[in-house]
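The block underneath contains the structure these notes are about, expressed in structure tokens.
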Amino acid sequence: MIGLAFDILSWVSLLIGAIFLLVGAIGVLRFPDFYSRLHAVSVSDTMGTALILVGLMIQGGLSMVTVKLLLMFYFMIFTGPTAVHALAEAAIEGNVKPFARKTGQ
Amino acid sequence: MQGPLGLYNYWIVIVLMMTGFYIVIARPNLIKKIVGLFVFQTSVFIFFITMAKVEDGTAPIIQEGVNLYSNPLPHVLILTAIVVSLATTALGLALVVRIRESYGTINEDDIHVQDEAS
Amino acid sequence: MSAATTLLTCVAVPMVMPALIAALHRRPNAREAVSLLGSGCLFLMVFSLLDDVRQGSLPAIDLVSPVPGIKIGFAVEPLGLMFALLASFLWFVTTVYSIGYMRHHHEKRQTSFYCYFAIALGSVMGIAFAGNLFTLFIFYELLTLSTYPLVTHAGNTAARRAGRMYLGHLIGTSVILLLLALIWTWSLTGTLDFRAGGILEGTVTPGIASVLLVLFVFGIGKTAVMPFHLWLPAAMVAPTPVSALLHAVAVVKAGVFTLLKVSIYIFGIDFLGQIPATQWLMYVAAATIVLAALFALRQDNLKLRLAWSTISQLSYIVLCALMVSPLGIIGGSVHIVMHAFAKITLFFCAGAILVTTQKTRVSEMTGIGRRMPWTMAAFTIGALSMIGLPPAAGFISKWYMLLGAIEVSQWVAVIAISVSTLLNAAYFLPVVYIAFFHAPPDAPDRVDINEVKEAPMMILLALGITAVGTVALFFLSDLPMALASQLVGGSR
Amino acid sequence: MLTENLVALQVVVPLIFAPVCLLLGKSRHAWACALTVSWLALGIATLLVTRVATIGTQSYAIGAWAAPIGIEYRVDMAGALIIFIIAAIGAMVMSYARRSIEHEIAAENSGYFYACYLLCLTGLLGIAATGDAFNMFVFLEISSLSSYVLISLGTTRRALTAAFQYLVMGTIGATFILIGVGMLYMMTGTLNMMDLAQRLPGVDDTRTIRVAFAFVTIGVSIKLALFPLHLWLPNAYTFAPSVVSAFVAATATKVGIYVLLRFFFTVFGIHFSFVAMHVGEILMVLAVVAMLVASLVAIFQDNIKRMLAYSSVAQIGYMILGISLATSAGVTAGMIHLFNHALIKCALFLCMGNIFLRLGSVELHDLRGLAQQMPWTMAVFVIGGLSLIGVPLTSGFISKWYLVSAVLDAGLWPLAVLILLASLFALIYIGRVVEAAYFSKPDPTAKKVREAPASMLIPAWLLIGANLYIGVDASLLAGIARQGADILIGAGVP
Amino acid sequence: MEHLINIVLLGLLMLAGFAIVRTKSLLAVAMLTSIYSLLSASLFVVLDAVDVALTEAAIGAGISTILMLAAIALTSDEEKAPRHTPLLPLFVVIATGAALIYGTLDMPRFGDPAAPAHRHVAPTYLQDTPTAIGIPNVVTSVLASYRSYDTLGEVTVIFTAGTGVLALLGFRPRRRNTEDTGRKKLVILRVVAKLFFPLILLFALYVLFHGDYGPGGGFQAGVIFATGFILYALAFGLSNSQQLIPHQLLYVMAAAGVLIYGLVGIASMLLGGKFLEYQVLANDPVTGQHVGILLIETGVAITVAAVVLIIYYGFVSRRPAPGDI
């Protein structure tokens, strides 16, 4: 019974994570400029991977695998946002202008 | 999977190989050529690893209670080949950088023009 | 000194002489003395071998073997000895001549001239004493290579072009055809030794033998059988002593000598008769005789005329080599000697005229006989010998040739010899006639045209010796005849 | 310890000293180190040859893992001959190298140069010694990568493009070999050549093995610059530093030919290669075309190094022609020519190095009248050239002799004519250089140059001496080559 | 299920491959190549080749991509259209591909346990490794012991590449304070990098020493080790990272790795064994194997780390050339 509950929980987590990733990917394709794309990908990606890792941890139970997944989780939490931040920083330095709808007309 | 369909993996790998090979011989851009070689070699690695796979086997790390493993030898060969590929890529790119410095271009056609002129 | 050692020394002496000559390049007198001394010694050494051969012992020595079944080695046999005697004697004479010619003609780079000359003579000795076909081939190539610098001696564009022609023909034919024939023979028989009666008989079919014979005859480009004859006129850009000794005697005679050796010792005269190609090749030789004589008729340049005459005369010997007749072989062998003496005399004369009057064309030589009576007298003797009239040596060889041709009923050969005799007369006698009986033109240099102003002493001396030799050989033909008979006797 | 580990030491000694060379840096110590190691390798190779000649094929299980499990080093007479010529050329080139390298390569790069040189030597020796198909690939890559570097160190920028071109083609070739080896492994489960030879007959009627054969052949053909896959070679030899041209020209393609021999005769077996796959006919045509076309192209080159490069393509044609006959005589001829050509080409390229050192150019028109100023160097060229043509008493003649008689034995006399015709072309291109150097008047504005230093002349003359010695007495070489060929033809029976 | 993942991954690989052909921007090509490599690494996991997957991810997707980006930064980004029609290359490629497909027709089916490749030598490795070598990871045992000579060759290859890049691009240490001025904003990156740098090195050591038991070994460890330094260099600038590890030390390390490997071989010879016969290194053969494998894996890691850094520094310390013509 408990097993089934964990299973359901894990699958829900995995599924939501996947949806997040998908949404992020769609965002990258649909958004008009670099910064907004970055936005789309950073937030949803971090969340998505985090959820997937949680789902997997539930699957793994109390084992060495879960410890490794935890470590990965730790890494993801740090590196994802940092990388996106560095990208944005580099874009500013490289004079990438944000998209702005022309006013008037 | 039985019958000729059991070979689909190889066929796709061959398509991948030929993609890389095509980039090498058809593209005049030197970096693109190196990329082509990289793709070509990586696809050959997939070919080797594919042949090492044993249906229902697991990674060749000996564990209790498992007695069907995939073939470890191609893995070893490919480990070596990957490093060779890295070496080739590094050397090729270094050459590209030097060529760009002395020719001002990395396009093979332009280089030919310059060589003919000299 | 044993005969074998003498044999080696004969080849080695001219080969090491260049070192001495080069060392003495600042002292022309010493240098030329070395040349003279060397050539004299060589002749004496070759002469010392004569006794052995006459007594029937044939000294031989083998050195190394680069490929199994193939040796580099030397041996004496009558034909080779005859050729060696001839070449070494004429070398001595030519050296005398060269000293006069080169100095008076102010040639450059005389040291290298003498060096290459010596090497070329060494190669001729190697050819003459070669113990097998392989050794012969090596020296054959060496001769080509060592005479190449002599041909291009002038260093100008014309000389270089001639040099290319020379190398192209000689190396080309020898590498593609002769070498192929050589290797083929070796792979068929496993040996390249000269053996009395030949080595091919019994091992190959007449068909293959035909192909081999064709390869040999054309491969030995030095015989200047048409169509591989153009190198010889081209080589005439060389200094006259080179033309005289090498391109009238040493090089071309090495060619026909090789062919004689091949037909006697590789094919064997008897086997030669069974080969279908022999007959056809004889026709080629006969055609060469006549055509070259016709070409000679049209040359105004004296040296070129002599060169075409040489082509014609060489094919006599080729004809004899293929005639399958002992008398023919005798005639051919003796003709090597007879023609050599006559032709070298003629070339000496051409050189003498060039040095003295700077003239090269026959049409300019009107009345030259009055100015250079000795030279032109020698020329006349040479011409007579060429035509084959007594009392010149050429008569003897031609006589045997004709006898041989009649003996085996080769009427084409008989006709070719007869026609060419007429043609010889037609292109030599006008020279004599112009020189002696035409009035000289108005002399631009205000010397008395009737005053005798002969060539330098050394030149005269040399051409005198050979002219006398030409006559003397008519009366004293025993030695060459004896050697030639021994040759045929041995092969029977 | 020494004698039983000889085979391993042959390869391992240069390998271990390559990093040492790198550490020694730009000082002359690097050269001294490379020199010592090269001569050491030659010493080991000499011992190895005698050992193989006296007690037969040497097999060495690395790590003590017996053959199909571990990697085997296997040196038979053919392999020993190749190892010996590589080591000998290596020693000669290194003795020569110092002055030339100081002149042509920036001082800060010389340490890298010597390290790469030793690596290249390692790779080549490894290919010749190994009995394992994949190990061969690894060592092929060592030698290839290091030769890309060596070539790229040439004096002009075109060296870079030449090296790049070589890198691309070489990698394609290596990848083809890898595909082929993979298929072989797939069908047999082994990588050891002897084991492959035993297991292949059971599966050799499959399409996979046929394709594997084709890929290995094409891959190796790229490496050995078989016409028409030779496109990388002329540029590479022309623009590489002189020392590298001499070393690579004399060894790299030769090793390629050895690999081809190994695969054709040992691994696939003579029946499969020549009867089932008809590789003999294909190679024969390509070889003849290479001989004639490359020789013709060589005639029209004004850069002498380029001319020699095309000549190499042509000479490879000779070797392949011998192999394509698939007879004992043919393979013997191929191996003899392989050996001789290494000696000849190395001497000729060293000679070019001398000229480049003094003249700064190897263009034909700059060479006019050079024979007066550099008589010893030009004498090397003349003798080497004569040997290339195949004049008697030089080693080239011996090769031609064996080759033509092998061709005649096979009943293919038109080929014999073509071989001799190609040597005439050689006469023409060598003749052009000789004519310029000896029989042309020097340009009056040209600067006077001195003869090259003795350190550069002696190695070249040693090679020429060996060349002439073989020309006079080839029985030793021919015997070894025959023995090697018989082992190959006999499908590796020791 | 595995087949499904397999097919999806292969499909994605094909997409990536075609995208590489079509894309003109070289930076995009470099990223696509990285994706290609990562996809193949995933495929390797599916196909049970975990060691290879780790290596491919580290080397193919990681280091190679960095090198490509560095090279593009030094050259130019745009690819010009080819001047010749691609008919001949297309023909060659199709012919080669057709030959290969022809060759596949007699191959054993994918995953067939009865294929000859799985019956002949490989079973010996799988059976003997636990007893003869005493470690569970068969890939490591084959790599480091059965076929350790290949691995020596492999280290030599990478060493050759390092030497070659040195010879081609040189390697000049930068002075301080030439490039750090513009990077004041990178605070976050620097903090994170500082945090992760020791962890990465630690992880490299884990991969090195755990290679006997799980996926990993000298190569992967060396690359990861080098990645740590590359991260440091990205965050803190080249000169700072070079202070961390002076370039002379890199030379010595690159050489030392190969030497360690070679000398282990020589040592086993001197102890009376064959080249690289580890059994003689200790009294007990299995211990000998352990010692030998550990030593050579360390050698591999040292050389790989040093060479990767040498190559990286070689590229990035080079000034970009002036604009394209």
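Each chain gets a letter, A, B, C, D and E, in the order it is written, and its residues are counted from 1.
In this section, contacts are C-beta pairs under 8 Å (C-beta built on N, C-alpha and C of every residue); 3 or more make two chains touch, one makes a residue touch a chain.
Bear in mind the structure is a predicted one, so any value in this text is a computation, not a measurement.
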| item | value |
| --- | --- |
| For subunit E, the least number of touch steps when starting out from subunit B | 1 |
| Fewest touching-chain hops separating subunit B from subunit D | 1 |
| Innermost chain, where centres are averages of C-alpha coordinates | D |
| Centroid-based (C-alpha) most distant chain relative to subunit D | A |
| From subunit C, the most remote chain by mean C-alpha position | A |
| CA centroid of subunit B to CA centroid of subunit C, Å | 69 |
| Between subunit E and subunit C, distance of the C-alpha-averaged centres to the nearest whole Å | 75 |
| Subunit A and subunit C, separation of their C-alpha mean positions in angstrom | 99 |
| Separation of subunit D from subunit E, taking each centre as the mean of its C-alpha atoms, in whole Å | 31 |
| Multi-chain contact sites of subunit A, meaning residues that touch two or more partners | none |
| Numbers and ranges of subunit B residues touching at least 2 other chains | 17, 21, 51, 73-74, 77, 80, 84, 87-88, 91, 95-96, 98 |
| Residues of subunit E engaged with two or more neighbouring chains | 100, 104-105, 107, 115, 117-118, 121-122, 125, 147, 150, 153-154, 157, 160-161, 164, 168 |
| Contact pairs between chains, per stated definition | A-E, B-D, B-E, C-D, D-E |
| In the complex with subunit B, residue positions of subunit E that touch it | 3, 6-7, 10-11, 13-14, 17-18, 20-21, 26, 29-30, 33, 36-37, 40, 43-44, 47-52, 55-56, 59-60, 63-64, 67-68, 70-72, 74-76, 79-80, 82-84, 86, 89-90, 92-94, 96-97, 100-101, 104-105, 107, 109-113, 115, 117-118, 121-122, 125-126, 129-130, 136-139, 142-143, 147, 150-151, 153-154, 157-158, 160-161, 164-165, 168-169, 213-215, 217, 219, 304, 311, 314-315, 318, 321-322, 324-325 |
| In the complex with subunit D, residue positions of subunit E that touch it | 99-100, 102-108, 115-122, 124-125, 145-150, 152-154, 156-157, 159-161, 163-164, 166-168, 170, 251-252, 254-256, 258-259, 262-263, 265-266, 269-270, 272-279 |
| Subunit C - residues contacting subunit D, complex | 64-68, 72, 134, 137-138, 141, 145, 149, 152, 155, 159-160, 163-164, 167-168, 171-172, 175-177, 179-180, 183-184, 186-187 |
| For the subunit B and subunit D complex, residues of the former touching the latter | 17, 21, 24, 30, 33, 37, 40-41, 44, 47-48, 51, 73-74, 77, 80-81, 84, 87-88, 91-92, 95-96, 98-99, 102-103, 111, 115 |
| Of all residues in subunit E, those that touch subunit A in their complex | 182, 185-186, 188-189, 192, 195-196 |
